[in-house]
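Labels A, B, C, D, E, F, G, H, I, J, K and L are assigned to the chains in the order they are written; within every chain, residues are numbered from 1.
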Amino acid sequence: MKIGVMHGPNLGRLGTRIPDLYGTITLDVLHRELREAFGDVDLSFFQSNSEGALIDQLEAWKDEGLDRVALNPGALTHQSYALRDAIEGLDLTVVEVHISNIFQRESFRAQSLTAPVTRGLITGLGIYGYHVAVAYLRSMV
Amino acid sequence: MKIGVMHGPNLGRLGTRIPDLYGTITLDVLHRELREAFGDVDLSFFQSNSEGALIDQLEAWKDEGLDRVALNPGALTHQSYALRDAIEGLDLTVVEVHISNIFQRESFRAQSLTAPVTRGLITGLGIYGYHVAVAYLRSMV
Amino acid sequence: MKIGVMHGPNLGRLGTRIPDLYGTITLDVLHRELREAFGDVDLSFFQSNSEGALIDQLEAWKDEGLDRVALNPGALTHQSYALRDAIEGLDLTVVEVHISNIFQRESFRAQSLTAPVTRGLITGLGIYGYHVAVAYLRSMV
Amino acid sequence: MKIGVMHGPNLGRLGTRIPDLYGTITLDVLHRELREAFGDVDLSFFQSNSEGALIDQLEAWKDEGLDRVALNPGALTHQSYALRDAIEGLDLTVVEVHISNIFQRESFRAQSLTAPVTRGLITGLGIYGYHVAVAYLRSMV
Amino acid sequence: MKIGVMHGPNLGRLGTRIPDLYGTITLDVLHRELREAFGDVDLSFFQSNSEGALIDQLEAWKDEGLDRVALNPGALTHQSYALRDAIEGLDLTVVEVHISNIFQRESFRAQSLTAPVTRGLITGLGIYGYHVAVAYLRSMV
Amino acid sequence: MKIGVMHGPNLGRLGTRIPDLYGTITLDVLHRELREAFGDVDLSFFQSNSEGALIDQLEAWKDEGLDRVALNPGALTHQSYALRDAIEGLDLTVVEVHISNIFQRESFRAQSLTAPVTRGLITGLGIYGYHVAVAYLRSMV
Amino acid sequence: MKIGVMHGPNLGRLGTRIPDLYGTITLDVLHRELREAFGDVDLSFFQSNSEGALIDQLEAWKDEGLDRVALNPGALTHQSYALRDAIEGLDLTVVEVHISNIFQRESFRAQSLTAPVTRGLITGLGIYGYHVAVAYLRSMV
Amino acid sequence: MKIGVMHGPNLGRLGTRIPDLYGTITLDVLHRELREAFGDVDLSFFQSNSEGALIDQLEAWKDEGLDRVALNPGALTHQSYALRDAIEGLDLTVVEVHISNIFQRESFRAQSLTAPVTRGLITGLGIYGYHVAVAYLRSMV
Amino acid sequence: MKIGVMHGPNLGRLGTRIPDLYGTITLDVLHRELREAFGDVDLSFFQSNSEGALIDQLEAWKDEGLDRVALNPGALTHQSYALRDAIEGLDLTVVEVHISNIFQRESFRAQSLTAPVTRGLITGLGIYGYHVAVAYLRSMV
Amino acid sequence: MKIGVMHGPNLGRLGTRIPDLYGTITLDVLHRELREAFGDVDLSFFQSNSEGALIDQLEAWKDEGLDRVALNPGALTHQSYALRDAIEGLDLTVVEVHISNIFQRESFRAQSLTAPVTRGLITGLGIYGYHVAVAYLRSMV
Amino acid sequence: MKIGVMHGPNLGRLGTRIPDLYGTITLDVLHRELREAFGDVDLSFFQSNSEGALIDQLEAWKDEGLDRVALNPGALTHQSYALRDAIEGLDLTVVEVHISNIFQRESFRAQSLTAPVTRGLITGLGIYGYHVAVAYLRSMV
Amino acid sequence: MKIGVMHGPNLGRLGTRIPDLYGTITLDVLHRELREAFGDVDLSFFQSNSEGALIDQLEAWKDEGLDRVALNPGALTHQSYALRDAIEGLDLTVVEVHISNIFQRESFRAQSLTAPVTRGLITGLGIYGYHVAVAYLRSMV
């Protein structure tokens, strides 16, 4: 089974960016942990600071038969109708992940433009949220 | 380790209430599954249609040394500052769970009054969200 | 045919509470009048100041096969998503009744959270509204 | 006793307009039914698609001593302060009737500009609402 | 010099409509007073409850070379972009008149849709406002 | 094939009303051009300043089997739920036309109450928009 | 009869301040004109850029038996609840005057905080508005 | 003279709940202090986490002739129209008390739904506010 | 101990201004009563209709070592960020007093711009509120 | 004459993306059809999922002397002030095209950030809208 | 060249007022620094806590031929339309200066009522902002 | 010392884009001027129309030890939470620059999403703002 793990803008700096909020584990470590935890899954990873590149990759994954995605859109969560349209238009099954609790921060972060077209959302559980998302996507028939 | 699983108004009907949305598993079955999955945890369960009774129970749990709670506030999510104050005032560690995706329904459901005082929130993953919440609470040092 | 007549918070004081607005007839008298007017209906009555108790009773009525309700939610009309969820989740046929005209008073009273899940609403016709609601519910096939 | 039954824009098509929502009974049939049900009342009927014509008729009725009106303003409910002013300025006793439940449809329909100057409002009970309105107006001393 | 005096919906009842608010002088008397006060002006009068008829008349006046109007739009003040467009599109010089003080009543009355395309507005000075409007229009070069 | 071309308030003055914005072609010329361009279509034309008369005509057209309409509602676009209800209730296929760009003017013009029940909308292309609307309606099977 | 004419902030520059909008007549000339036009009235004049000084003067006038005021609050119209309270608390009869049309300018100017406690308001008629205000105040019994 | 002192949800934990904000004195100590300070008053105390129970108690107090209440509604301040209706419907004289300053915290706390039907409100003075409320209620004739 | 008692705009008229709302006691009498009640406190009094003068006085008091103030800002409560900044910038301990209940009047009065930087607020208890404020300020260590 | 046809994010999938809404014709087919229909026009085509790339292309086209564009911004319509600034800053003549009716979908789609700087907008007419846009741009002198 | 430097309410306390935010340099020192830095400019300084006095001074400066002003309106930034009108009406060239970053503080501080009539605004650069403003004003031809 | 100067979308056209608003100096000239004015600073320049590329560059600069940036985000100012997160997450010291006065244009331009995480903002001083920003950044210890 193919599952994608996608990270939006600024998440390439995970591990060094505001560690009190986002923790000290880097994307590389996270990806290695996920590969170890989900050895039976064909995992793909992608991070970009560009909305367009993220949509391009979702289209590419769809073409490769990958249509389940654990997605942390970063700040695009609050500004990108284009990403929302990509999820909906490509008929992807997405679980949205946020490392910190988006309800405990600035008011604009409590609104997710993408969540209405995802299967579900996990927020505030740290990088454990990625594990949950992949596990859930794997469990779907 | 003590962990509480609490359900707010109308969740006593889980399994028969709008099954297309909430599924067909009852609270009893869910609780049995959780006990089986988390044999090493001292689990307590509580459901009530009354905001006051839920707060009373949180106080009682706190008195018994139980301060980690997987909480599905039901519709109180969107109307109860009192429940929010209980979580904050009792200094509980709460993971908020919603079975359906609260971002895909009526607009009032996209606002959680309780989430700003919880550790995190899981929505849309069905009853799997309770498993995640308990697992996460168990994993905290 | 079973029909329930339910009254929310503060309606136990009907007859003495702001009589210029709500009239001087008490709940007991109203209930007696309804029994006389609808001798062919198996009428049940319930009043509570507690949201939770009202939902409990709707669940109990549903279990007894009573699923038609003339409901005056009182102030819960404007604050209770939980009551709304109960009506919808139990698949009840409800006619909402307000004694005074909710559109002629404070602005918050013009918004009903429950009306979107009821069959209809009657407001401003005094206690005659209860008669209409029961008559309408009785007439449904 | 004189009672008017007035219908606003688009209600001339009752019976053929979105029958799933408004039913299949025409205005003519409705008026006949009302005449039969209220043989002791001097009923007058009026329908127009024009706000101005409706106000003209309310003025004419007032001049004829008819000041009790069962009124379905149609879409003017949500746009006409002029009709509201006519009701208030002519000191009419009005019961507002809506066939469908205005709270279950587009959000603009949940706001009635006319209701604050009417005696009361009935919504969602189908054409039965007209019967209730006339019966209530007849019963007033 | 030609000047029109136009009254919108419900103003035909001036003198009997809520006299505490609007006074006891009728339109006929008002018009007679204006003719007497402004003997050197070719005054035209028009009242209608219909937005369409009012716009028709403004067009007719324009065709007759009458382009100065004292206008009391009644409730259309708060609902009619069409009347606003007529004033602007016909390039009329309009002074808007309200008998009562529109700022002392319901909140919707404090907003005038027409005032942004008029020369000015007078409110709360009773029927004296019409005298002011005509005098002002007469004084313009 | 029957197609109606309908114009709302103030459009009777096309050609002389704010020509910088609306151009100098009159309704008569426009209608002649449309007849010439669409010789194979049975075209009907109607303009009125009255919302009621416009709805009356839509009903009459429907009775005559004309259910495709190129409609420029003028200012009713922003104020008339009644016209919207007529389009929806008569099950008409409507293409909404605006001569000027409604998004470049006062903020109230950017909101169309009628567009949600039309097939589509053309704005800012001048009277060419009418040609497009008729051509599109003609092309539908 | 005593009547006060009061001008708020920036009106001391009348005649030189944005003459296209406010005209070229100075306060001194205006006051002379008013004295000439209303020789039978005991007129007092006051201008200040300070909210506090304006309220002080209204109190002083009240003590002198002057309780009718033609008031142009300038920008205080849109920001001063204190001036509003002075008018109401001193039980003054005020006609509010604006030289330009407050409805044709920035949106904040369309809201008057003082108008709800005045007798009426005149806007857009230039300095003629002062004449109207004084004439109206003189005419009151 | 009878005076009630009522506390809403979460106030049973006074003394241990966020002591930096609410202080370290418990309800029991507070009640003892009030009894000592107001030996001439027949004081009654009540705390509940349930809106319904609080309304029940207000009704019971009213039946016993107690109609003066020092009320700290806790979070119900911001969510309960039912409690507001109870105060108004039972014609109670209420002084609303908040221990912390509700204007210095989350924005939702600055709005009190109950204050419009109380005699007055004290906020931010700690438990001294209860003393003030009782003293004031005692002083009323 | 030095304590200031400051009154904003229009409060110089206390005793004669809307006595049904504010009572009949004048500022002089109030000040005398406060001196009598708090003989051990070095009380200073100040009233002005000018925001600037009030801020000047707060600065002067601060320079004199007076940093505890019972403050009734009058209408500045709802409009003055400058007064708010003075309180905060001078690090004053302020108890805000309103004679009438600001929550029972026009909606703008329910918002206090100053309260977020005060210790607390008392509203609706009449001039007793000043006594409470001074007593509270005196009691602080 | 040079005309550009530009498509924003997700439109590369035209023909397979939600075909019930957007139809089954691909971009390639659409472009071929446009070339056939407008043989006398030098057409350029561009699609990208990246806002930046779209602006780069508009700049490049402008440098090549192409300044007329049929533009479907996709979801950028609702989120991109940068695209709006490009259109305005490069002084392009743009006709905005939407395949589906943006007024019949989620509320955010009814707001176009780009339309205020375009010549006009066509929505809901399917891919026919592109033909109209090119024809209109070709017809401009 | 004459340039004025004006400070609004509470800025007289610069140097002692919340030094973490505003720094420890006093107005006197700042003025001395500015005189030293701009020896070729005829600098005038003014600070007042009174809106009226500030406007008076702007008028006086204008009369003296000083029409370039570095202005820190303090809290008047967010409340004073009168100051805005003074700037616009006197046709002054103003650079607005804020010491702290108004976008990083309470939400009301992010809105400047005066900025729309100024040449530009500098915020957050500490007292360096005054140097910039004077340098910029000096550089204008 | 390293300082970056970054320009967002559409600023590559500086000098030709709406010169009345932005002036006629190109980016190249501006950069040359800055190099000349700040010979002691190691200046880097970057412009892109792509949000993603801008964030990439900020990350690259951070890696090179450049963490002081004069940033003109162009239209991203009003739409990009991602850029805001980059500034905050990379712990950059940013001075935001706008050439025109963002407070004098469309209302959306008065809101800066990035300013809350910058040191300060300069708007309306033309390209002089860049000089100020670099000078300020250079001056910081």
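Convention: a contact is a pair of C-beta atoms (placed from the backbone, for glycine too) under 8 Å apart; a residue touches a chain by one contact, two chains touch by 3 or more.
All values derive from a computational prediction rather than experimental measurement.
Note on connectivity: the fewest steps through touching chains from chain D to chain G is 2.
Common neighbours of chain D and chain I under the contact rule above are absent.
Different-residue interface: chain I and chain K share under half of the residue numbers found at their contact. One finds 30 Å separating the Cα centroids of chain B and chain C.
Our note on geometry: chain F versus chain J, Cα centroid distance of 24 Å, whole angstroms.
The set of chain G residues that touch two or more partner chains comprises 50-53, 79.
Here, these are the chain pairs in contact: A-B, A-J, A-L, B-C, B-H, C-D, C-H, D-E, D-F, E-F, E-G, F-J, G-I, G-K, H-I, I-K, J-L, K-L.
Listed in rising order, the residues of chain G touching chain E in the complex are 95, 101, 103-104, 110-112, 115-116, 118-125, 128-129, 132, 136, 139.
The residues of chain B lying in touch with chain C in their complex are 8-10, 12-13, 17-18, 48-53, 74-76, 78-79, 108.
Considering their complex, residues 50-53, 55-56, 59, 79-82, 84-86, 88-90 of chain D touch chain E.
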